[in-house]
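Down below are the structures I want you to see.
Look for chain A in each of the two complexes below; its partner is chain B in the first and chain C in the second.
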Partner chain A sequence: MTTVERGTDRRRRTLAQLAASVLVVLVVLVAGTLAVDAAQTTGLASRNEAPTLGHWFGTDWLGRDVLARVLAGLRLSLVVGTSAAVLSALIALVLASAATVGGPRVDAVVGWLVDLFLALPHLVLLILLAFALGGGTEAVIVAVAVTHWPTLTRVLRGRAKEVVAADFVSVSAHLGRGRWWIARRHVTGHLAGQFLVGLVLLFPHAILHEAALSFLGLGVDPAEPSIGVLLAESMRYLSAGAWWLAVLPGLCLLVVVKAVDGIGENLRALLNPRSHHL
Partner chain B sequence: MLTEGVPAALRGFAGRLGRLVLLLVAVAVASFALMVNSPVDLVAAYVGADVASLGPEQRALIEERWGLNDPAHERFLAWLGNLVRGDFGFSATFNQPVLEVIGDKFLASLALMALAWLLSGVLGFGLGLLAGARQGRATDRVITWWAYTLASAPTFWVGLLLLYVFAVSLNWAPVCCAVPIGVPAADVTLLDRLHHLVLPAVTLSVVGIAPVVLHTRQAVIEALAGDHVAFARAQGERGFGLIRHRVVRNAAAPALLLQFSSLGELFGGSVLAEQVFSYPGLGAATTTAALNQDVPLLLGIALFTTVLVFTGNAIGDRVHAGVDPRAALADARRSR
Partner chain C sequence: MLVAKRWQQRLGVIGLRVRTRRWVAVALAAAALGAATACSTGDAVSGAKPTELRLAIGGEAEDGYDPTLGWGRYGNPLFQSTLLTRDADLKITNDLATGYSVSPDGLVWTVDIRSDATFSDGKPVTPGDVAYTFNTAATSGGLTDVTVLDQAVAVDEDTVELRLREPRSTFVNRLVSLGIVPEHAHGPGYARDPVGSGPFVLEQWDEGQQLIVRRNDDYYGGKPAFERVVFVFTDEDASLAAARSGQVDVAALPSALASTEMPGMTLHAIESVDNRGITFPYQPATGRTNADGEPIGDPVTSDVAVRRAINLAIDRQALVDGVLDGHGRPATGPVDGLPWYDPSTAVTGTDPDAAARLLDEAGWRDTDGDGVRERDGVRAEFTLLYLASDSLRQGLALAVADMLKPIGVAVTAKGESWEVIETRMHADAVLFGWGSHDPTEMYNLYHSGQAGIELYNPGYYGDPEVDAALDAGMAATDPAEATAHWKEAQRHFGPAADAAWAWLVNLDHTYFVDSCLDVGQEQVEPHGHGWPITWNITGWRWTC
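Now for the complex of A and B:
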């Protein structure tokens, strides 16, 4: 096999994996939207039943279908994850551009902000924010968004500095172009790829942290079927042997997180085939 | 040389201390601002269920007594003044001064975190070495896949799985707590404690193991591609000896740095692991404080964990410099 053939082969495989991951996410979104009502339908005659053909994932303590609750929960995870990741990535983009364009003083402030937000353990900061915002879905979105930008800001700032140091930018500056013009025309394009990949890779973190907060009882309203809430409820029936309440929701969350992670990694491979970054 | 070195080290230490103090002040300001702006009703949180029978005059009296009507900056300065004097306030949930709560609970968490830290470090480094040495083979692919999957799995879910398999089904480990239930504190043996510690520690080690494996693997691959390894190979070195003598030290530097700088993640994981196993440590206390709106304790924990993370990073830099002389050189150049 020649190298050229192997190259196209790998590209095809990357594209196939990307498509598969996107498909998984879309299926979960659609199924989750359809399952919202079923997730709250109680059936007191069939409580805590193990998986059967009628209820693939079994039922919970109120006789609700666990599969429907898992799907609705995953949809909620995706919604929270998307909003938080987008918000967080936008914060990172704004701060990174400000640091690049605004001169050394702004750069120092941004660097200091990054250090400040990395000084506290992630989860402690999240708990503080969720507490201060009073809980609920919006509070979780804001809390997750506000805690996840520092690493991406660092990456984007580093990349932007590389671009600004390049010859074509100094030529452009000597030709009389202003800072903002250079930022818009020369820097943004070079950051787009990193930004997109960084955004998608923020996603799994956002989803996992939403689940963690909800699991602790500090996240979304416990009446809503979030994976974290499901797992927290499962703890009460685990010692009675109700394994399906814990195993299946977590497994599904793992699959979705891996699918989203796959989108990010494959996008990175497509946009920058030479990156070996972990 | 020596007389020159000591003041430099001292100056470095003083610089670090200064940065820590600045950081603590910033964290104090930020977390205080968050608490002031939170919609939580502090009086209701303190009084509890009896709040319904609380008249407006009594409420006003409590607010007056606590200074809740003073401007925020005055309250902040008063709090800061107390902090400097070592008074972190009183935790209503645990009915103890905040510092005592943190001290007691952290001791319980320390055992858990230390065991998990060692476990994830040793196991992660070993697996990373193995994967890197067998790059591209089946062993490597299995280990890498496993590490990536662990990184995507929610910690508390892994804990629930372990709980179900080992505590509920197999009955090998206790379901909850740090000590056996119903046994006087004096009769609890070290073995009992370890028995209760194992499952939470394994759960917690899952948090840190994936990054260690992946970074060690990368470092091993880079070291194996180096000229010194090619030279050693040409001399006839191979197999385990080659890895042991030419690669381990190179790979240890990033792993050590990572282990020390991940203390924050470790603490975050302990919040979740302790919740799953009802382990009475500082992590569980954080959740309790947030759920019961115990503001002084929450603020105290925020400051305490800041110190924890900072110390971890500082030790990590030191150890990294000790293992990898290039890092020490770069450090010296930066501070000049």
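Now for the complex of A and C:
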């Protein structure tokens, strides 16, 4: 009795948290889209002003409203994060499927690739890639996607192997079904849960890396209001006491990352209640 | 020369990018250096000021220090000396030369050379070296444009003749900027180990980190008060830190950092002709393209009323105060404050009402009430491109766009790379930075013959009267006559006439200088690069 009650509570709480996280992300998306114009509007008469009622987050060195810039930046982060996470998860899915159905040689190659990428310090690789691709939003997306597939690949590959070893798959094989048919009809469905959760959990990584690359000047166009760009710009004025330029965008980034992370964690709890580690 | 201008536009950014990745190493080097010198000179004990000067003013010449390849093209090559030089008022005075004359047809420049000058290896500077330098620079394809030179000939032991292909009044600037190299010691390794007759000799160059120079005790001019000068190459943040901790005596910092409190140092905001302005596509949009298929023309900015209105509506003082932190001056022409500037062409103040009237009269009216004017179905809107990585240009572009909204002109400011800007600059407005002590630049920006060549005259501006005045200025043999022609040209292309550009601001170059260091009178500095502040380094002194 008590166990059941606790279970229901947990499920309800998970759903509530999930809803709250999704709400935060949606609000940021909508507000960010509305703030794109305001984020670029200068006010030379009110530069570097501390937070007031008119400008909740203060203004920057050109008198632009920092709140508008933060919202527009978070929206950009979400767009970059989504693209990079989806790309990365797709790479992982393709490699994991190939490893499963392609025979031992392909499996060995994929295993070796995963080990190789896990062995390399991924931040260094990320910076090198973003630099080699010449910077810009696309470069960030590609660089993050290319460096973040190994863990998910490993998880998906393990799960796929488990499925392939199951009786119904060997029956299927004995009935003369081809490997690709089995991959499509039997394996993919079982990977959906892991895939979805892995995808969502890649998301905060992608957002943080976008901010890091932009901060280093290798990411999105410095004219775009991205959180990384905002933080990089704020460096100059920090010593003059303009704390709001760095603290508020940083906190907002934290909140959004936490929200997205919350979506992933709660989704996992819903889809795969027994798994605590991915 | 063409290449030179392209690099002039680009170098600042590239240099910055390269350096940001080096700055940690450089900061460490600077710190070590500071510690080392503090120990060795022991000035705190003796009370005497060190005879070594440390400057963080950028300007590393990545191609080395060979004047025939472009070193010193902004003047004051430090290791070499030039025939002529400019004083604090930019007036041309003798340096290696004792005098010069130009033949009546403007084709032969005869220069008399002083006989007491020696190179740092002890050999005398001869007319043969001068002729060799000019002939080498003319054929080297370097960044100093001496291509108008036909031949330089040493005619006797103290005279050299520079024979030109055509008269060129601005050739005098080559006499000011081309450092003389020794014929006997000039070769492939020269750029890294220069021998010259300038006030200092290169001692050590650690690329990307520092350059150490030692006083040339045989220098014929004033003897510098410092035995050694160290140029440390740091990025802005490292320069700021070095200045704050007293590790450098002079630090060049962007105007945004100039408001910082810096104990023991004084802010020197030096006037410059380092300007920022907007070039407008001058041709109507007819679908025309250039040889590379790049579009030419714009239906809005090709209307002179729009260009004049924009010039009237921009609040330049607000740009100076708001974007440059007050470290600059409003600019209304490309050569503000230079001897060939015509002040009568300046825009005085800001008058958005007059701008609106101009647009009304020209038929631009907001008939649909969306805040943007139209004429014959064309909306008064255009794109303003700027170099994305340059925060100052970004600030100017965004602020200008906001200033033009009230007069019903919609400007979309967009940051791009030079690669993209170069393909679109004939059909979109672009925010450029120029500024030179040489009026050739004005010729290049406004002469129709320069349209679309490299970064010159990007808007394909063309006006027969301007062309005639500029040609006459180039061909003049008398400086005063040339100046009259340069002024004439400004009256035709200026903001009240063709308004081919909307010039915005002249930057002040901001330096923090040790409060005990007297750097003498400052010169109006050109657009970026080199070490303009060192023009009179031989006269720098400690005052306390």
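One rule holds for everything that comes next: the second predicted complex is superposed on the first by the 276 of 278 C-alpha atoms of A that agree within 3 Å, B and C clash if a C-alpha of one lies under 4 Å from a C-alpha of the other, contacts with A are read in each partner's own complex, and residues count from 1 in each chain.
As a working rule, a residue touches a chain if its C-beta (ideal position, glycine included) is under 8 Å from a C-beta of that chain, and two chains touch if they have at least 3 such contacts.
Please read all numbers here as calculations on a predicted model, not as lab measurements.
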- Message: Just to be sure I read the superposition right, which of the two partners does A:Val247 touch: chain B = first, chain C = second, or both, or neither?
- Response: first
- Query: Touching A:Gly193 in the superposition: chain B (first), chain C (second), both, neither?
  - Reply: neither
- Message: Once chain A of both complexes is superposed, is A:Gly217 in touch with chain B (first), chain C (second), both, or neither?
- Response: both
- Message: Looking at A:Leu208, would you say it contacts chain B, chain C, both, or neither? Reply first, second, both or neither.
- Response: first
- Answer with first, second, both or neither: which of chain B and chain C does A:Ser239 touch in the superposed model? both
- Message: Let me test your reading of the model: by the given contact rule, A:Leu62 touches which partner, first (chain B), second (chain C), both or neither?
- Response: second
- Task: On the superposed three-chain arrangement, identify whether chain B or chain C touches more chain A residues.
- Result: B
- Of the partners chain B and chain C, which touch A:Pro51 in the superposed model: first, second, both, neither? neither
- Query: Now for A:Leu231: first (chain B), second (chain C), both, or neither, which partner does it touch?
  - Reply: first
- Task: Report, in rising order, the residues of chain A that make contact with chain B in one complex and with chain C in the other.
- Result: 217, 235, 239
- Please name which positions on chain A make contact with chain B in the complex. 115-116, 118-124, 127-134, 204, 208, 211-212, 215-218, 227, 231, 234-235, 238-239, 241, 243, 246-247, 250, 253-254, 257-258, 261, 278
- In the complex formed with chain C, which residues of chain A make contact? 40-42, 44-45, 47, 61-64, 217, 221-223, 233, 235-236, 239-240
- Item | Sites on chain C touched by chain A in the complex | 17, 20, 237, 256-257, 259-260, 318-319, 321-323, 388-389, 391, 394-395, 398-399, 402, 413-415
- Item | Complex contact set, residues of chain B against chain A | 23, 26-27, 30-31, 34-35, 37-40, 148-149, 152-157, 160-161, 163-164, 167-169, 175, 214-215, 218, 263-265, 267-269, 271-272, 275-276, 286-287, 290-291, 293, 298, 301-302, 305-306, 308-310
